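Down below is the structure, laid out as structure tokens.
A, B, C, D, E and F are the chain letters, set down in written order, and residue numbers restart from 1 in every chain.
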Amino acid sequence: MALVTLIEYAGAPAEVRAVYDDIMRTRGVDWINNFWKALANDPRELARVWQNVKQVMAPGALDPLVKEMVYVAVSATNGCEYCTYSHTAAARKQGMSDAMLMELLAVVGLANETNRLANGLRFDVDPQFRK
Amino acid sequence: MALVTLIEYAGAPAEVRAVYDDIMRTRGVDWINNFWKALANDPRELARVWQNVKQVMAPGALDPLVKEMVYVAVSATNGCEYCTYSHTAAARKQGMSDAMLMELLAVVGLANETNRLANGLRFDVDPQFRK
Amino acid sequence: MALVTLIEYAGAPAEVRAVYDDIMRTRGVDWINNFWKALANDPRELARVWQNVKQVMAPGALDPLVKEMVYVAVSATNGCEYCTYSHTAAARKQGMSDAMLMELLAVVGLANETNRLANGLRFDVDPQFRK
Amino acid sequence: MALVTLIEYAGAPAEVRAVYDDIMRTRGVDWINNFWKALANDPRELARVWQNVKQVMAPGALDPLVKEMVYVAVSATNGCEYCTYSHTAAARKQGMSDAMLMELLAVVGLANETNRLANGLRFDVDPQFRK
Amino acid sequence: MALVTLIEYAGAPAEVRAVYDDIMRTRGVDWINNFWKALANDPRELARVWQNVKQVMAPGALDPLVKEMVYVAVSATNGCEYCTYSHTAAARKQGMSDAMLMELLAVVGLANETNRLANGLRFDVDPQFRK
Amino acid sequence: MALVTLIEYAGAPAEVRAVYDDIMRTRGVDWINNFWKALANDPRELARVWQNVKQVMAPGALDPLVKEMVYVAVSATNGCEYCTYSHTAAARKQGMSDAMLMELLAVVGLANETNRLANGLRFDVDPQFRK
């Protein structure tokens, strides 16, 4: 049960529908997922977040598959259930196989482990790593 | 000031030196960074963690550059200073440019943002994302 | 399914009932939520935590609505489901509208994003910010 | 030592200077803090993040002081050193006293505590809190 | 609904069965929990993680009950639902009572609170604590 | 540089001195560490936090050494520098050896790793673990 009403396309104001249309067109899908339906309670916030996702996740110096896998890595680290499901689905659409997911999570797990070994033992950063 | 003594090569027992030698050989470097010198206080722990790093970070379904960038993503999310410096250096050695780093952190930042929008609004995972 | 038994008012020892009564009186409600029923497995712990909540959340230099919104901000950042539901309810009781909730979470999301940009790029704190 | 070069105003390209000018004008200051100088390595990323900060932190349903205090709450929860210094300074500029800071952090501390009591005991969300 | 298929003993390849058998023998149980069934999608990853758990959780300088309670402390801090359930069960098998669990979580809560008071006020580490 | 003034014993009001005296007496030390000097900006907050630490960290169902090690585990997980130094010192005073610290952090690291494997693969909690 969401903490705000989910805004469906049918009952949405024009500015919300315009963002929904852009999401569906950009992603080549014919439905809107709950994340956007919740944000639509504040149409300016919906537009702001969508604009960010559209710009940051577009192909650039990194390809979209790598970006989606990084999104999964962060979401698993933070324990965000919704984002883990939605971005694992997105990464698979970009070509991530089960083998790639397993290996991705192995890196995520290892990084989370060694982050705490460093945090617990508190040795200095080696000067070689500071440029 | 580290919370344990850093074990230098010169004074290290044979089993520690063997791991140090393997690290330098595998990475093609001629020095040992502080992370390993701290772990060497427990030679079995040193061997265990190195074995894990060696296996998980090796080329597989994902290439080493992607793995290092995922490592940076997790370390920045967790705020681990040592790991951020050391794995940014490692990712650069694998070919990460400044443009790639900036774009990587843009994804990390965005994921951390939307993770909290999802955690705060608590809408259900869409059935389409559950296979 | 909780990891400890929930202690209902009817079967609670006197010292637990005294705290339950104080919670209901202070908050002007006629029921006890699960958080307290779980803590009641250790009556001293129940009394300790309630004493803290009562003191910290009382009006002071900050008003109770701001305090509840800060509680929501922290709970969404940590991904605590129970606390997000219970403190969003509490903040609404204090007057938080949907518009305020959406704006609160926009700030929470942004802060989580820029925290990681800072953690990933590791620039120094400007001297102007250190007093 | 930052992981990227800090871009000073003097040597910055026109599009970066335009953002720097807008930051200084909007905030009524005559200097640029390191956060923006690091982001300026990617002028589009600089513009994107500044646009977000400008929109989200503007007065709206919540006043700017409350927003800055929420920013501090999130930054302290995540342990982000840079953001804690910079947003504590910003909150003070908006009128936060020492007494307000102490009380803010008391709430932040308490929320972080009870988040873990809930996460550790795993009782259900009371139906009363789900609308 | 897991994000990968759970590999049951009956249909598992020989190398997976060998790990499953070792888990059951080592722990004196006759079933495999979902954690391992998910990891078994990558038999080398299954073997790697099991080898780590077996080595790290064995009796040593710390006894197994203390280790399981530390595991619960970390899992509650991170908000990991699965690990909180599974390691609370494991700690109880090692002798943890309800009173011990309540006291453990009191420490976990307090540490999470004071961690943020320190992160928010940013006083220096006293020289007496640096050896 | 702390974000508030550190309150020294010499210039402290009577109610602060009373808490300082109790801290020194309870712990058998002759100095006050910075954590308390920062909290003393709000004497009621100082008294509240000290009361909690005194009650929670006292011997009970768990012994003080285990409690201090749990404190270190949480602080390393959260990356709190001050608390890692201060509670590692406290744990050593209670008898923690280097071997125990290394083993403690091995458990902390492993738990942080497997927490993310569970968060990323999202398999259900086995019914056997839910009582």
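FYI, contacts are C-beta pairs under 8 Å (C-beta built on N, C-alpha and C of every residue); 3 or more make two chains touch, one makes a residue touch a chain.
Values in this document were obtained by computation on a predicted structure and should not be read as measured data.
Chains touching both subunit D and subunit E: A, B, C, F. Where touching is counted per the definition, the chains common to subunit E and subunit F are A, B, C, D.
The minimal number of chain-to-chain contact steps leading from subunit A to subunit D is 1.
Although subunit C and subunit F share one sequence, what matters here is the overlap of their interface residues, and that overlap exceeds half of the numbers used.
Of the chain pairs listed in A-D, E-F or A-F, the one whose interface repeats that of D-E (more than half of its contact pairs identical by residue number) is A-F. With chains reduced to the mean position of their C-alpha atoms, the one farthest from subunit D is E. Of all chains, the one whose mean C-alpha position sits at the greatest distance from that of subunit C is B. Rotation angle, subunit A onto subunit F, C-alpha superposition: 180 degrees, expressed as a multiple of 5. The mean-CA centres of subunit D and subunit F are about 27 angstrom from one another, to the nearest whole unit.
The distance from the centre of subunit A to the centre of subunit B, each centre being the mean of the chain's C-alpha atoms, comes to 21 Å.
Taken residue by residue, subunit B touches two or more other chains at 1, 3-4, 39, 48-49, 52, 56, 75, 77-81, 84-85, 88, 99, 101-104, 106, 108-110, 112-115, 117, 119-122, 130, whereas all remaining positions touch fewer.
Taken chain by chain, the contacts link every pair, so each chain touches all the others. Interface of subunit F with subunit E (complex): residues 1-4, 6, 31, 33-35, 37-39, 49, 52-53, 56-57, 60-62, 66-67, 69-71, 73-75, 77-78, 80-83, 85-89, 97, 99-100, 102-104, 106-108, 110-115, 117-126, 128-130.
Residues of subunit B that touch subunit E in their complex: 1, 44, 48, 52, 55-56, 130-131. Residue ranges of subunit F in contact with subunit B, taken from their complex: 79, 84-85, 88, 98-99, 101-103, 106, 109. Those residues of subunit E lying in contact with subunit D across their complex are 72, 75-77, 79, 81, 84-85, 101, 104-105, 108-110, 112-117, 119-122. By the touch rule above, subunit D contacts subunit B in their complex via residues 3-4, 39, 41-42, 45, 48-49, 78-80.
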